[in-house]
Amino acid sequence: MKIAGCTTLLLNTMFYACREAAISMVRNFWMNIVVVFVIIVSLVILGGAILVVLNADYFASSLESDVEISVFLKPDLDQNTVLEIGERIKDTPGLLEVEYISKERALEQMKASFGERAGILKNLEQNPLPDAYRIKVKDVNQIAALAQSFEKFPGVDKVRYGQGLLEQLLLVTYWVRLLSMALVIALGLAAVFLIAATIRMSVLTRQNEIGIMKLMGATNWYIRVPFFIEGVMLGLIGAITAVAVVSWGYMELLQRLEVAVPFINLVPETAVLTSVLVVLLGLGVLIGATGSLISIHRFLRV
Amino acid sequence: MKIAGCTTLLLNTMFYACREAAISMVRNFWMNIVVVFVIIVSLVILGGAILVVLNADYFASSLESDVEISVFLKPDLDQNTVLEIGERIKDTPGLLEVEYISKERALEQMKASFGERAGILKNLEQNPLPDAYRIKVKDVNQIAALAQSFEKFPGVDKVRYGQGLLEQLLLVTYWVRLLSMALVIALGLAAVFLIAATIRMSVLTRQNEIGIMKLMGATNWYIRVPFFIEGVMLGLIGAITAVAVVSWGYMELLQRLEVAVPFINLVPETAVLTSVLVVLLGLGVLIGATGSLISIHRFLRV
Amino acid sequence: MIQFYNVSKIYKNKVPALLDVTLRIKKGEFLFLVGPSGAGKSTLIKLIYREEVPSRGQVMFNGKNITRFSSGEVSRLRRKIGMVFQDFRLLPNKTVAENIAFALEVTGASRENIRQAVPLTLAKVGLAKKIDQYPAKLSGGEQQRVVIARAIINNPVLIIADEPTGNLDPDTSGEIMKLFQNINRSGTTIIMSTHAWDIVDRMKHRVIRLKNGKVEGDEDSGVYNLAT
Amino acid sequence: MIQFYNVSKIYKNKVPALLDVTLRIKKGEFLFLVGPSGAGKSTLIKLIYREEVPSRGQVMFNGKNITRFSSGEVSRLRRKIGMVFQDFRLLPNKTVAENIAFALEVTGASRENIRQAVPLTLAKVGLAKKIDQYPAKLSGGEQQRVVIARAIINNPVLIIADEPTGNLDPDTSGEIMKLFQNINRSGTTIIMSTHAWDIVDRMKHRVIRLKNGKVEGDEDSGVYNLAT
């Protein structure tokens, strides 16, 4: 009997809370438009930042995977020594791929890369190029150390890797990541702050009403729950819209870029969009909940 | 007598309006924090977008100025014919610079650009390169037409220009400009909308007060002016902060990039920052004024 | 001073608050408006103050049809009238002094003028002590007296008081009625709606009796006429 | 039922509203609280309702010290009391029906229950017609009757009415007093602050007279005692 009564009370209260939240949202329509707009802007920027980071990573990794160490051998080594060196290189941990490039193949490749101007190479008396190993590494950050160790191998003349360029590229991706991270954190906090301020505003404009409700014997939770629901709903609506905007925008960008600038490679949509979608939705709800809880906690004390 | 009275009335009214605006801003402190924050975010993004556009333009123009047409001459022309062709080229309108590159100079340049690998060119029996004219054009978009016309000159073997790459780069800068413009317009409108919504909120929370004031015989302007001042002040505060943030951020970026990635060239600060500063300040005030006027017009009718 | 010609007021939600009211109020009169709750007293007052416009008929003030007033003219009209609202309508974010001063500020009075008039007027309603309080910190009767002070501060030609003694004890009511009486003697017209039958019976002024939006009685030196 | 032990209330701005008040109210009593404007009547009432806490002394309700109540206990206390506020405190965004229903909703009453009780209670105060109006669209006296309806709807053990007839005409006041009388006969305690000397004199109940925050008189079947 008592438990049934409690359940009814709870149901009634939940019904009331949802109705109040809905009424408040309809009543403060314009105000909520502003809030949702702010959340949308925050989350779209957040989503944009995530996509930029993902694409920067993608770009960086595509660059990184192209980066190789070239180990040039001394001229006039016999075939055995060349193979021995190859074995020693292959035994080094941390490598992805080791390829032997004979000087003949190197010349052919050079001719191919010269294209039209290959005529320049036609009249060479002898092949001036050395034998070489081309090595791909697992972790780009290990590349300098590995190159140094190969340099000490007997029979090795020179070791080359895209030193300057690679380091600079790594720095760029580092900065892109750092800036985006900072932006993401700042915007996340800003959105929470904005929701909190908004719910606070909503609390303030209804201060009178809340005071009266308390005097009528409404408990704190009876008054708080609608604001909580309101905050979460605002966050959710903002997040859903932001997800739509980001998805649409990214897909549009992909399509246009594919036609216009085919040489730029972006992360293909499906993989990225689902993760962004989940992150944004979760964040929207989290922002709404945190924001409203902060305001409720600070401004709805007895 | 009457005019003096009017002046006093006006002075009193202005004094009252500024005091009311100030009181309202202090009283709605947290709400105003939100508004100013939104304006700051909008203007910072706006400023960021402007800087991106400016830098993209700068980058594009630095690329464009590098783009040239190479007119390769047929082999074995006598010196006079070579000079004649040079004169004909120079007579064509729309060119910036025409430079003669003899085949000897071309080979030297090639050797220089090969650097370490220049050894490959050491054993050449004869210079395989042709004489050429290198031409810079005024308008990049004219480049294809000009190249075609040069191709028809007698004594000209081939005409080359960075076709594929240039076209793609032009497309990229076009897209950057288009997207930034869209972003700038969207954000400007969004900021106006937000200010309008905020002032409207401020009007709504004070609706009761406004009603009472009207009943006390206050004229419409007496009630409107404080809101207008409030809107302009909010816009101004937001703009000043945004200017500070953008200036600081850009200067910081410039400094860091100079140390970290010296090969990236950004527009040097002073020239850019002053214009951005002026644009943002003006926009802030404009946004504040427009926003409050919209709200006042729509929600403060008699 | 004021004429109603066949005035009806039907609110938006179809509530007929006043029906075909015709009456004339002369300058310098002291007039009681009585009638049961919901009879239309406040509505009649709101029509004079142009807070509402009549659905039918005309309201004239000093020979001008106020129904057709522009927003500027309405402001000017209201500045001439001292109004005691039934529901007070004090500005919650202003102190008692600021609330009263506001009625002078809108007329463009000098600050010197305001600084002198405010404490003087507050003293008249017995609230000198409460000058710097906010309305929410006052008792019901104290708030009502602030509203009365605000209505009389700029020496209006007409004072309209909508149940000005509803929250006052009989002694304080008596003081306020004496104040009104004095103001009336100096030439100001006073219209007062009230349920205080003892005051009406004692003061012997003109009484207009409303019921269901119609004028049921209009007597010089009348009485409240209790049904019971 | 209610005991005050040496209760003083000094508001934050140093206003002494109640000074050393000791009194005892028994279950089933009908009690008038009288005194001049600003005497401390509303303050005394707010202390029972736990809208304010005493600066010194204790207030007991049914043997419990309500000064020490937690927020949940305060809510439960308030749900047992029907309160008529001097300044109405109606929810402006709810209709008359919703306002009254709210007092039942907080007690967790079923919706069926609420749907039946609301029109019944409104009829008791003579406002059946206004059930779907918003408070702003009602006359002063009608709003006051909505507040009364809200106070009595959940059959509270105690009704506290702060000047419940300030905006009502004598006839309607009489009806409301009859209603209170009937509720009181069925065992409900009633505390009513008022300036209506005629009602106090006629009904002959216990009268507590406050002045400057002190109890100046406490008589069974007393009268208002006009100074004049």
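A, B, C and D are the chain letters, set down in written order, and residue numbers restart from 1 in every chain.
The rule is simple: a residue touches a chain if its C-beta (ideal position, glycine included) is under 8 Å from a C-beta of that chain, and two chains touch if they have at least 3 such contacts.
Bear in mind the structure is a predicted one, so any value in this text is a computation, not a measurement.
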Give the chains in contact with both subunit A and subunit D, ordered by label. none
Distance-maximising chain from subunit A - centres being C-alpha averages: C
Return the distance between the CA-based centres of subunit B and subunit C, expressed in whole Å. 62
Distance between subunit A and subunit C based on Cα centroids, please, to the nearest Å. 68
Could you give the separation in Å between the centres of subunit A and subunit B, each centre being the mean of its C-alpha atoms? 26
Where subunit D touches two or more other chains, by residue: none
Which residues of subunit A are in contact with two or more other chains? none
Testing understanding: with touching defined as stated, what is the shape of the graph linking the protein chains, line, ring, star, complete or other? ring
Touching pairs here come out as A-B, A-D, B-C, C-D
Can you list the subunit C residues touching subunit D in their complex? 11, 13, 15, 34-38, 41-42, 86-87, 133, 137, 139-142, 144-145, 162-163, 166-174, 195, 197-198, 224, 226-228
Subunit C-touching residues of subunit B, taken from the complex the two chains share: 5, 8-9, 12-13, 16, 23, 27, 208-209, 211-220, 222, 302
Subunit A-facing residues of subunit B, complex: 30-31, 33-34, 37-38, 41, 45, 110, 119-126, 128-129, 168, 171-172, 175, 190, 193-194, 197-198, 200-201, 204-205, 256-257, 260-261, 263-264
List of subunit D residues in touch with subunit A within their complex: 49, 51, 71-72, 74-79, 83, 85, 89-93, 102-103, 105-111, 150
